[in-house]
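Some structures are shown below for you to check.
Next come two complexes built around chain A: one with chain B, the other with chain C.
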Partner chain A sequence: MKKILLIVFIFFLKTNISHSLITIDITRGNLDPLPIAVSPLHVDPQSEKHKDIKIKELGEKVSEIIEKNFKSTGLFNPLKKNAFVQKPDIAHLKPRFEDWRLIKAQALVTGKMSIKDNKLKVEFRLWDLTASKEIIALAFTTTPTNWRRVAHIISDKIYERLTGEDGYFDTRIIYVAESGPKSARIKKLAIMDQDGANTKYLTLGNELVLTPRFNPANQLVTYLSYFRNLPRVYLLDIETGVQEVVGNFPGMTFAPRFSPDGKKIIMSFAKDGNSDIYTMNIENRVVEKITEHSSIDTSPSYSPDGKYICFNSDRSGLQQIYVMKSDGSDVKRITFGKGLYGTPVWSPRGDLIAFTKVRKGKFYIGVMRPDGSGERLLTENFYQEAPSWSPNGRVLIFYRETKSGPKGAGFTAKLWSIDITGYNERQIRTETDASDPSWSSLLSK
Partner chain B sequence: MTKSLILSISFHLLMILLTILSLPFMLREPIDLPPIVSVELIQISDKTNIPYAPKARKVIDKVKEEEKRVVSEQAPPSPKEKEKPDRIPLPNEKKEEKKLVEKKQNPEEIKPEVRQSSEFEKKKIIDTNQIAALIDKAKEEAAETEKTTSKLTQSSVKDSFASGLTLSQEDALRAQIFGCWSVPLGLPYDGNLLVRIKLKLKKDGTVLKSEILDHERMNKPGQKFYKILAESALRAVRLCQPLKVPPTGYEKWKELQLNFNPTEMLKG
Partner chain C sequence: MKFKTNLKNALLIIFAATALTACSTAKKSTQGTGDVYTGSETVEYLASGVPDRVFFATNKTSLTTKSRETLRKQATYLRKNKKLNVTIEGHADERGTREYNLALGERRANSAKDYLMTYGISGKRIAVISYGKEKPVNSDSSSLAWSQNRRSVTVKVK
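Take a look at the complex of A and B:
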C-alpha cells in the first residue's frame, strides 16, 4: 500500500518538474556586418634582416588585403587598427579576449610571417572572441612574390569558416578593356585579380573582342572576336597565349560558354537570319546541333550539373528565357513578365538564374529560380547587362554604361558587383573602361 | 478495520491529488494570467482603429476606392445576366440552360419550389448558388486558417502558462537575443535549420552552461552549415549575457531551451 502511495507521489512530482523547462523560439536575427579585428601580421625578427624582401611591409599589406576583402563583401565590418590594444606578436600566441571584446570585436584574425630558405611562410589563426577559443589555424609556404594570393586564400578560409559558404577572393576576372572615343572604340581582352590588382592585357586591340568566358579549370578562355569582319568564337590558352577559331562554321558564331565539365563549348551559329544553338566538343571537335527553330536562339548557359541549358529566344515574338534539357528536348518558357529578358546565366549553386531585363527603356539585373518563379530585380539603370556569377553563387558582376553627351562625351563603361540580396552594390576599379566581365572559379581548388 | 483503512487511504489519496492539481493555480498571481494579451496579438491588422485626421481620411478613402476597383476587375458581371432584360430567351436556349443547370448542380439539391419558379428566377438562383458555394469555400479556408492561428496562439499561451514566464518577459528575452544574433548567410534555403540550445542560467542571467541538443549533427557530412549556424547561435547567447530574466522565480527559468530557426527570415 505504501509503495503505491509512493509511486503516485513520485509520478505527480515528476510531471510537475517536466513542466519547468521554458522553450523560446528565436526566428529572427540581424544581418548587420560582423565586427572583425584583423591584427597586423607579426613578423619574425630574424626574417626582418633579409636583404631582398621587406617582410615588414609585406606583413602590413597582407593584413590590409584581408581587411579590404572582408569589407568588400558587406558581411564584415573590419575594425580600425588604432583601437587595437594588444601587440600582434602577443595576440598571435594567445590573445587577451577581454581586450578584444572591449572594442566590440566578435572575431579576431592574427598571423605570423617568416622567411626560410627564400620561401615565405604565413601562418594565421582565427579566434572566436565570444567563445574565447581558436576556430581555425593554417600555414602556407610559397615564393615571396605570391604574397597577394596567400592573402586572398587566407581571406577565403576565414570567410568559409564564418559564413558557411565558399569564398571567392582567390579568383580572377576576365573582361573587355575599352578605350578611345565611342565611334572608334578599342577593345582588348584583359584579366585581373578579383580586387582589381595585377591587370594584364591578353590581346592587342586590333580586332574587336566581346563576351570572354572562363572554363572551369581557369586555363582556357572562349570569346568572340572578328575575323575578316565576321564575328567568330575563339579559344585562348591564358598561359601559352595560343588562340584558335572554334569549329568550322561557314557563318558567324557568337555567345560562347563552356560546359560545367569544361569539355564542350556551347554557342550560337547564325545563318540566313536564323540562329540556333550548337555545342562543340573541344577534344574531338564534334559539333552537335541543340535547337532547331526558325527563331533566334542565343545566350546558352548550362546548369552546374550539365543536365539543363537556359537560353533566350524570340520564338514567342519577344525575347524571353527558356530552359531545356541538354539534348535540346523539353523546351519550356520560364519568363512571362512584361519586358524583354536576355543573357541568362545559371548560378554555380544551381538555385538561381541571373538575367538582364529591359523594360520601358530601363535595364535591370535580376535573378529568378530555374522554374521562372521568384523573380527579383536587384538593380536598375540606364544601361547595364551581362551578369556573371562569383564561384560561390553569392555575388554578381556586370557592367554599366553611363549616358553619353551629344559628341560621345561623358560616356563610361565600368564593372559593378552586387550581392544577390540586392545590397552592397559597388564599383570594381579597373585601369580602363571595362565591359563583359566573367568571373573565374576558385584558383586554389 | 481494513475497510476503514482503505477508505482512509482513498480519501487521503484524493486529497493529495486535489492539492497537487490545484497547487500551481493557488500559487499563481492574478497578473500572470495572460489570455487577454494573446487575443490582442491575434487582432493585429493592417488598418488601425485609431480615429484618423481629415487628411488621412482622404488617403484611406482613395485606397478603399482602389480596392473596390480591383474587386470589380476580378469579378466581372457574367454576360448572361446582361442579356436578360434585353430579350426573352428562345425555347431552344432555355433547354440548353436547363442542361447547364443539371451539369453544374446536383439535381437532388434543387428544391421543388425552385423548379416551379420562372426561368429568370432560376438563372438568378444558379448564380447565387455558385457565389454562395464560392463564399462557403472562402469561409472554409478562412476557418482553417483561423483554426491554425488559434492553435498557435493557444499553444504559445499554454507554453508561457506552464513555463512561468509571462508573455512580456518572454518577448523581452526574445527581442534581446534577436539583436545579438548575426545570422550566417551561407545557409541552404531548403535544409533543416533548427538549432536547439539548452541553457543553465545564474540568478543574474549569465550563462552557467550551454549545450547544443543535436550535437551529433555537427559532424555529419553535408551538414557543414549546421556547425556554423550552431556556433552563431551560441555566440548570440554569449554576446547577450546577462540575459534579461525576471527578478523572481529563478527556479522556473534556471533552465531554458532556445530554438533558433532562421528559415522564415531567409525566405523573407
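Take a look at the complex of A and C:
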C-alpha cells in the first residue's frame, strides 16, 4: 500500500461543531438505531470523464456504501431514499429540516463531488435534524479510483462524530479463502475491504496457508505456509509481493503475530513435541525465547502497550489462557472457568481479551478483562474460533464452520462479526468460503 | 559383531520394557477417556502386517497399548529396511482451535517418533510434520470421524 495512493486531503469547512443534540449510546447493544437519511451525493455535471469510473452514478454509489456501513453497525437505521424530499444539490446547501424530520430522520448526510484535473473532490455535511444545524463539514481530494475509500472515510467521520469513538470502515480484512472438498481444501491468502469489496488473492493455492495477520502499518502480513511441505512462519509485503521465511528454525514455526510497534514477530516454535513462544526482531533478526516450559505454549498476542503477552498453554493439563510480562516473566493463569480456552487476542483498547471457549461440544467467542474477570460469552455455535478485533475494539470478526455430513457434505466456512455487546451478529460477505480473518488498523489514520 | 548387535537390541528391548512400565499409569488415564479409535477402516499398511497409523484420545498425545504394538511392528520393519526413512504426520480432529491443534499434531507425531527411537530406530531416519486439523481422513462431523482423524501416520520417504 503505497502511502501516495492513500493521500487524502482533508479540509475542514467552516462550521459550528459544538452542541449537537444527537448522539448514540454504544455502551449497550443498541436496540433503537438512529434513523439517518443519506442523500445521494450531488455530482457536478461539469466533471471530466474518467475511463474506469461512471461519474454520473458515483453520487448514488457513495451514498449506498455509507448506508451499508451504517447498517452493519446495528447502531444506525438508514432510511429508504424513495421518501427523500429534497434534491441532493439543494439539500447539501441548506436542507429544509422540517421536511426531513417528517420522514422521521434524526440525522442527514449530504454531499457533492466532481472530477477535475484527474482529481476527485468530495465534500460532505452531516446535519443534526433535531437541532436544525450542521455538525460536520469536510472536503476531500484524492485520485478518482479511491472513491470507495472516500465513502468509507466519510462513514468513519460520521461514526466518530455521533458515537464519540473511532470508526472502522476504512479498513481491510486479510483472511484465508477456502475451496474444494474438506479433506483436500485449497487455501489462499485473500485481502478485501471491510465491506467485502475489492477482493484480491495473494497466493495461488499451491500450498497450505493459515493464520495471516497484519502489521500495524497494514503493509506486511505474517502467516503460516506449508511451502515445500515445511510449515514455517512467513512475512509477505503486500505491495511488492515479496515473501520470506521468518527466522531459521529447525522445525515448525506457527501462530505468528506482530508486536504493537511492528518491530517483532511473536510466534510458536515446535521441537521434539514441545511448543514454546519466541520473538524475532524483523530488522536485526535477533531471536528471543520467551517461554520455557514442557507444555504447549501458543497463540501469543501482545497488549497494545507491548508490556504484556497473553497466550494459550496446556501447562495445567488442558488448554487455558495465561498472561505474562513481555520478557516471559510473571506468568499468571487467567482462565479458571469450566471448559477449554484458546486463541486469546488483546483488544486494541487494552481493556479486554477476546477468546474461543470450548465446552460440552460447543464453541463460544467471548471476552474477559485481562485479569480473567468479567467473562462474557457473546455467541455459541457448533464450531467457531479465531476472533480478531476491529481497530476501535468494538467489533470482533471470527470464522464459523458448519457441521458436515459423511464425506464432508454440507461443510461451509464463513466469516462472521459480532459487537462486543453480544448484539448484531452478522455474516461478512466473501467470494469463497473463508477462515482466519484478521482486521487491519484504520488505513487513513 | 552379530552378537554385539543382538546384545544392543536386547538392551533396547529391556529399556523399552522399562519405558512401558513407566507408562502404565498414564495408560490408565487414557483408557478413562475411551474415545481412541480401535478399528482398522482407515488404516493402511507399510508392509504386510505393519499398520501405518496409531490413534489418540481427545486432547491426548499418549500412546495406547495397541498403538505401542503397532509402533513396535513399525520398528521391526524399519530395522529390517535400514535404507528406508519415514515422515510421521501428526493430526488432530476438527474440534479444537487451529493453532493449538498444530502443536498437538506435532506432539502426537513426536510421541510416535520417540517410541520408535526407544526400539532402536535412529531419530535421523524419522522426520516429523504436523498438519493440525488440516487433513482429515474422514470429513464427517461425527465422533467416529474425529477418532479416526486423531492420528499419527508413518509415511515412507521416497
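Note that in this section the second predicted complex is superposed on the first by the 406 of 445 C-alpha atoms of A that agree within 3 Å, B and C clash if a C-alpha of one lies under 4 Å from a C-alpha of the other, contacts with A are read in each partner's own complex, and residues count from 1 in each chain.
Everything below uses one rule, namely that a contact is a pair of C-beta atoms (placed from the backbone, for glycine too) under 8 Å apart; a residue touches a chain by one contact, two chains touch by 3 or more.
The model shown is predicted, which means the values in this text are computed figures rather than measured ones.
Looking at the shared chain after the overlay, A:S275 reaches chain C, while chain B stays out of its contact range. Taking chain A as the reference chain, the count of touched residues is higher for C when chain B and chain C are set side by side. Contact with chain B, but none with chain C, is seen for A:A131 once the two complexes are overlaid on the shared chain. In the superposed model, A:T199 makes contact with neither chain B nor chain C. In the overlay built on the shared chain, the residue A:N381 is in contact with neither chain B nor chain C. Of the two partner chains, neither chain B nor chain C is touched by A:Q243. Looking at the shared chain after the overlay, A:E401 reaches chain C, while chain B stays out of its contact range. In the superposition on chain A, A:T142 makes contact with neither chain B nor chain C. In the superposed model, A:K182 lies in contact with chain C only, and not with chain B.
In the superposed pair of complexes, A:L75 makes contact with chain B only, with no contact to chain C. Interface residues of chain A facing chain C in the complex, by the touch rule stated above, are 181-183, 185, 208, 210-211, 224, 229, 231, 251-252, 254-255, 268, 270, 272-275, 296, 298-299, 312, 314, 318-319, 340, 342-343, 356, 358, 361, 382-383, 385-386, 401, 403-408, 411, 436. Across the interface of their complex, chain B is touched by residues 1, 5, 8-9, 12, 16, 19-32, 34, 75, 106, 128, 130-131, 135, 161-165, 351, 392, 394 of chain A. Contact residues on chain B toward chain A in their complex (touch as defined above): 9, 13, 16-17, 20, 24, 159, 162-165, 170, 173-174, 177-179, 181-187, 189, 224-225, 227-229, 231-236, 238-239, 251-253, 255-265.
The touching residues of chain C, when paired with chain A in their complex, are 59, 61, 94-100, 102-104, 106-107, 109-111, 114, 128-131, 134-141.
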